[in-house]
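Shared between the two complexes below is chain A, which pairs with chain B and chain C, respectively.
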Partner chain A sequence: MSSAFAVSELLESPAATPERKRRLGLLFWICVGWLSLNVLAAIFANVLPLDNPLQQNYSAINVGPSLHHLFGTDDLGRDIFSRVVFGSRVSIEVGLGAMAIGFGVGAPLGMLAAYRRGTLDTVLSLFMYVFLAFPAIIATIAVLSFWTPRSLFKIVIVVGVASVPLVFRVIRASTMNVATREFVVAAKVQGATDRRILVKELLPNVAPIGVSFLLIGVATVITLEGSLAFLGLSVSPPTPSWGNMINESRTILQTNPWLAIFPSAAMCLFLLCLNFIGDRLRSHFDVSDVKL
Partner chain B sequence: MSDSSPLLEVTDLCTTFTTPTGPVAAVSGVSFTLNHDETLGIVGESGSGKTVLSRTVMGLQPRRNVVVTGSSRLNGVELVGASEAEKRRVWGLEVAMIFQDPMTSLNPVMRIGKQIDEILRVRRGLSRSAARDRAIELLELVGIPSPTQRYREYPGALSGGMRQRVVIAAALAGSPQLLMADEPTTGLDVTIQAQILNLLDDLRARLRMSVVLVTHDLGVVATRTSRLVVMYAGRVVEVGSTRDLFARHRMPYTRALLEGSPRLSNPAHTRLVTIPGRPPNLAQLPAGCSFAPRCAYATAQCHVERPELQPADGLGHYFACWNPLPTPTGVS
Partner chain C sequence: MTRYLVRRLVTFVLVVFVISVGAFYLIHLLPGDPAAVILGTGDSPANRTKLYAQLGLNKPIYEQYVVWIKNVLHGNLGTSFISETSVWGTIRAAIPIDLEIMFISQILAFAAAVPLAMRSARRPDGWLDRVLSAGSFTLLSIPSFIAIVLLVLFVAIDLGVPHTGVSSYVSLTSDWVVNLESLALPSIVLAVGSFVVYFRVLRSDLIATLQEEFITMARSKGLSQRRILWRHALRPSSVSVLGAAGVNIGGLLAGGFIVQYLLDIPGLGYTLIQAIGLSDYLVVQGIVLVVSVGVVLINFFFDMVINLVDPRIRRE
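Let's turn to the complex of A and B:
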């Protein structure tokens, strides 16, 4: 009786495995939900029933969380909840904008360098490594200090350019791993053009790594923006961003810890979700791993 | 298509790689012709230049660090030194290639059907549905069960033998006249090897193609080729009809290769004869015959002077040896 049960279980397990592999899991969808909520709130912040993030209320300074002020208020009596929501705009815009520049430039160059090799590869790699030799944070601080007046647009450009060599390096390495396989030669002797090989044969192989690195890159860039804001080099006050809120909280940390906790928690959760989704997607789309 | 002019004409083909330690002559002075509807075998040890030869013949070589001289004409079109655009016109439609390892010669993230019908849509200009129908037909032709379902699957879902069938189907999609098969069965089980080879043979006859079969296994070429080219250290050392080479080979290397193949007629536990020594370093070839250091018949002359190909009795049978083996008597 028990042995028959074991056998039937054995027989069923192979069929069940691929089904389970296709599922992304509850945690994944929770992360997607949280990110969507953040993005939607950032987009519709103006029409949501929020306090004006710049409105100062001197009768409610440094108050703790309450029904009226969900996250409390800062030292100028501004609503922290509203400032966190409006502040996410800066982070999301910098994250997506900078990565658009980073991938727009770095990914095609990385794929081309890995596929063509030779002089093109040598020159591009050399250039990128020289670029990488400067610590990104120092380089961005230097450029942003002199490129005034500061605006979100300039920050996106500077951070985006700084991310190009990183994207280049990751995409070049993963393309090279694929470009040396025989199916590329097979496509070539089928008469495929170089462009076709890059787009149809190599891109789908590199895309999963690209997508996961994109999400992790967005997270890294948001952190970088946070660091810049903390140093007072991001968007100028009073415009809120997660980074400059944390910066403002520095002096009043002992009297009002809420001002540091909420933007930090918002940023932390946002980055955690991005990283988790990136990692989950990479393993999900990796069909080459599927074994019978 | 006149049968008098050969499909493939290779003349004095040399492939030399430029390496930090000096030039390496992977293929030197190779000439042969391949007629329509014929199977040619290229045999030799590992490192004898078979694979480089088969790729050079197609005009497929690395972009850098290689010098190719001589000529390789397919239907009169020169492929050596041709531009990428010129070669692309020929590749896929007139000549196709099957690779050694079916595990790496299919794109793991592209559906099987797409890898076959890509060429039909791009090169032959077929509509999406026509290309799909043709791809399923091809999958059926190469003996893949339930091709309609397989069409939508990824290569990861297929076994090695099935993948090699897909590779063959993809190669056939452009209806080439010449199929280059570079060790098509090396990556497969012995039982699957025979199936794939028989399939190739059958397809060649049905589709009236010519096949170049590159292999190190004489058992593979024995019954499936009409002519053989034996290569050693990048040179042709003997060429002739398969029958002549098996029965009346003159070059000691050919005999050594034959003796190295297992035979069912041998008694059990017969030790296989191995060729003593190792293949020569292609960067420092000896002055004389490359095989001389390993040859039991070598004389002083063999070490200083390289033998050229000279005609033997059989039609189109040539060998390069100073001390050829005697023609066995009693064989007509």
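Let's turn to the complex of A and C:
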């Protein structure tokens, strides 16, 4: 579940394995390409020559993959390929939206707490610790089951708020690494304002790590949304989303496995690329950090 | 030690308090009159009076909390107005199933992760390490709801292994062999998810530990590789992995919810989703409370274990 985030947070800097130079590697760029392709397809899904994802066709029910229906059709005769493409919208929107909230609130607070220390840090950290101990997935399930009617907007808010303490912790820890460095002290001695130090000195140094965690966070949120959809707590059918489609395939696994396989593959590939890019960026920046 | 323990206990109580307020407040997220929504089909004047007494709905909100928490502390989570059974009874019947799945999956995960991490850490960047690292990274990106669907598809449907498909759950007391068979797929899915985390964390810590001076010392004394790994390196390297295990429990429970939902195994997750579908809000509230407190308790337990394994922690 939230394991990707947990792992990358727990792993020490990859100095453990002598890291391959500063090149990002071919696989990295393949992943970037695949992600861009997915995002572009999601944005331009309306103008692409795709079947209507809601169009039911009773003369072609549970048809296997063919040239006409690239991924086949589901139990209502809807084109799976176009549903997979349109379904990516939900995942991408939730992923980016929730992380925008998480980073929008968690990152500034984390930087501020790490830079100021003292009471502010103690209070914020304790507060975040307490909320982090509340199991996020159960909290989101709970809130969404009571807060009806459900909508994408509410999911984004709930998941976003749930991610704030995690982001806070990561950003606070990486700011703390930088905040005691000589150049920050130098800036302070020169009389720079706190605001200037935070924005001009700390932010550029925290941002790279932040970006890599952002990507891993998006992957985590997409997984979470998928689980919610699978449990019937996300956007309601007939709106396609990867989680919804896998949930719908549950009852007809035997007759039409394609309905499970294609959205699953799309989702796994998307998550794999996000995690890979995030992980690679993290080790990349950590290495250059050591070289400084 | 006592100071550390006291500090941990204080945060523990604080967390449980926040959880109780959160779980209590859930009812007030309901749109409209909560009494009407909670009663659902059971809406009658008699039930209404009962519910008002049970939740103190006509009192100010903080008094409602006091009424509610008093009941909870007496083990009374209320009576569902839809199934007309006690909420705590419903939850108590479901808990053993979750515990069993979790127990099996954790044993499988650790049994695989510890030896493999040691093998990997012995030769970082060797072929085994590369294969395992790449493999575990890929597995990390496969959500449990996808893993369970695909496993059911291949094992239960394509291969036709008996007692692994949907609705094949049999309770432990009636036939333990079939019971284990029916819990095999859910346990494997959760075990894989945990294994990936434990393997990666333990491997990275072992590699770091193996570069320490006391390991060089042990090597120069001529101790065998196996003895160095098991007796010298494992313990100092196990802090993160135990921490990960504690953190993992929440995710594990949620993953358990998903596999139960798919396979019709009547554990907490299945009960929760059923209750959500029936708008049986008191049951949902009860499960959320019990599960959250359970997770925090397990976390607390792991904190204590870590403390025993590595006494250096408490000096921080």
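To be clear about the criterion, the second predicted complex is superposed on the first by the 259 of 292 C-alpha atoms of A that agree within 3 Å, B and C clash if a C-alpha of one lies under 4 Å from a C-alpha of the other, contacts with A are read in each partner's own complex, and residues count from 1 in each chain.
One rule holds in what follows: a contact is a pair of C-beta atoms (placed from the backbone, for glycine too) under 8 Å apart; a residue touches a chain by one contact, two chains touch by 3 or more.
Only a predicted model underlies this, so the values are computations on that prediction, with no experimental measurement involved.
Novice: Examine A:Lys200 and indicate which partner it touches, taking first as chain B and second as chain C; both and neither are also allowed.
Specialist: The answer is first: A:Lys200 touches chain B but not chain C.
Novice: Kindly classify A:Asn46 by the partners it touches after superposition: chain B alone (first), chain C alone (second), both, or neither?
Specialist: Neither chain B nor chain C is touched by A:Asn46.
Novice: Could you say whether A:Ser264 touches chain B, chain C, both of them, or neither, answering first, second, both or neither?
Specialist: Touch partner of A:Ser264: chain C, not chain B.
Novice: Which partner does A:Ala219 reach: the first (chain B), the second (chain C), both, or neither?
Specialist: Once the two structures are laid over each other on A, A:Ala219 reaches chain C alone.
Novice: After the superposition on A, what does A:Ser59 contact: first (chain B), second (chain C), both or neither?
Specialist: Neither partner.
Novice: Determine, under the contact definition given at the top, whether A:Ile246 touches first (chain B), second (chain C), both, or neither.
Specialist: Second partner only, chain C.
Novice: Counting only touches as set out at the top, which of chain B and chain C does A:Val185 meet: first, second, both, neither?
Specialist: first
Novice: Of chain B and chain C, which one touches more residues of chain A?
Specialist: Partner touching more chain A residues in the overlay: C.
Novice: Across the two complexes, find the residues of chain A that touch chain B and also touch chain C.
Specialist: On chain A, no residue contacts both chain B in one structure and chain C in the other.
Novice: In the complex of these two chains, what residues of chain A are touching chain C?
Specialist: Touch residues, chain A against chain C: 1-4, 6-7, 10-12, 14, 16-18, 126, 129-131, 133-139, 141-143, 145-149, 219, 223, 226-227, 230-233, 243, 246, 249-250, 253-254, 257, 260-261, 264, 267-268, 271-272, 274-276, 279.
Novice: Would you mind writing out the residues of chain B in touch with chain A in their complex?
Specialist: Checking each residue of chain B against chain A gives 58, 60, 63-64, 88-93, 95-97, 99-101, 104-110, 118-119, 122-123, 154, 156-157, 159, 167, 170, 173-174.
Novice: Taking the touch rule as given, give the residues of chain C at its contact with chain A in the complex, in rising order.
Specialist: 11, 14-15, 18-19, 22-23, 26-27, 29-31, 124-125, 137-138, 140-146, 149-150, 152-153, 157, 193, 196-197, 200-201, 204-205, 207-208, 240, 243-244, 247-248, 250-255, 257-258, 261-262, 272-273, 276-277, 281, 284-285, 288, 291-292, 295-296, 299
Novice: Where on chain A does chain B make contact in their complex?
Specialist: Answer in residue numbers: 116-118, 181-183, 185-193, 196, 200-201, 204-205, 287-292.
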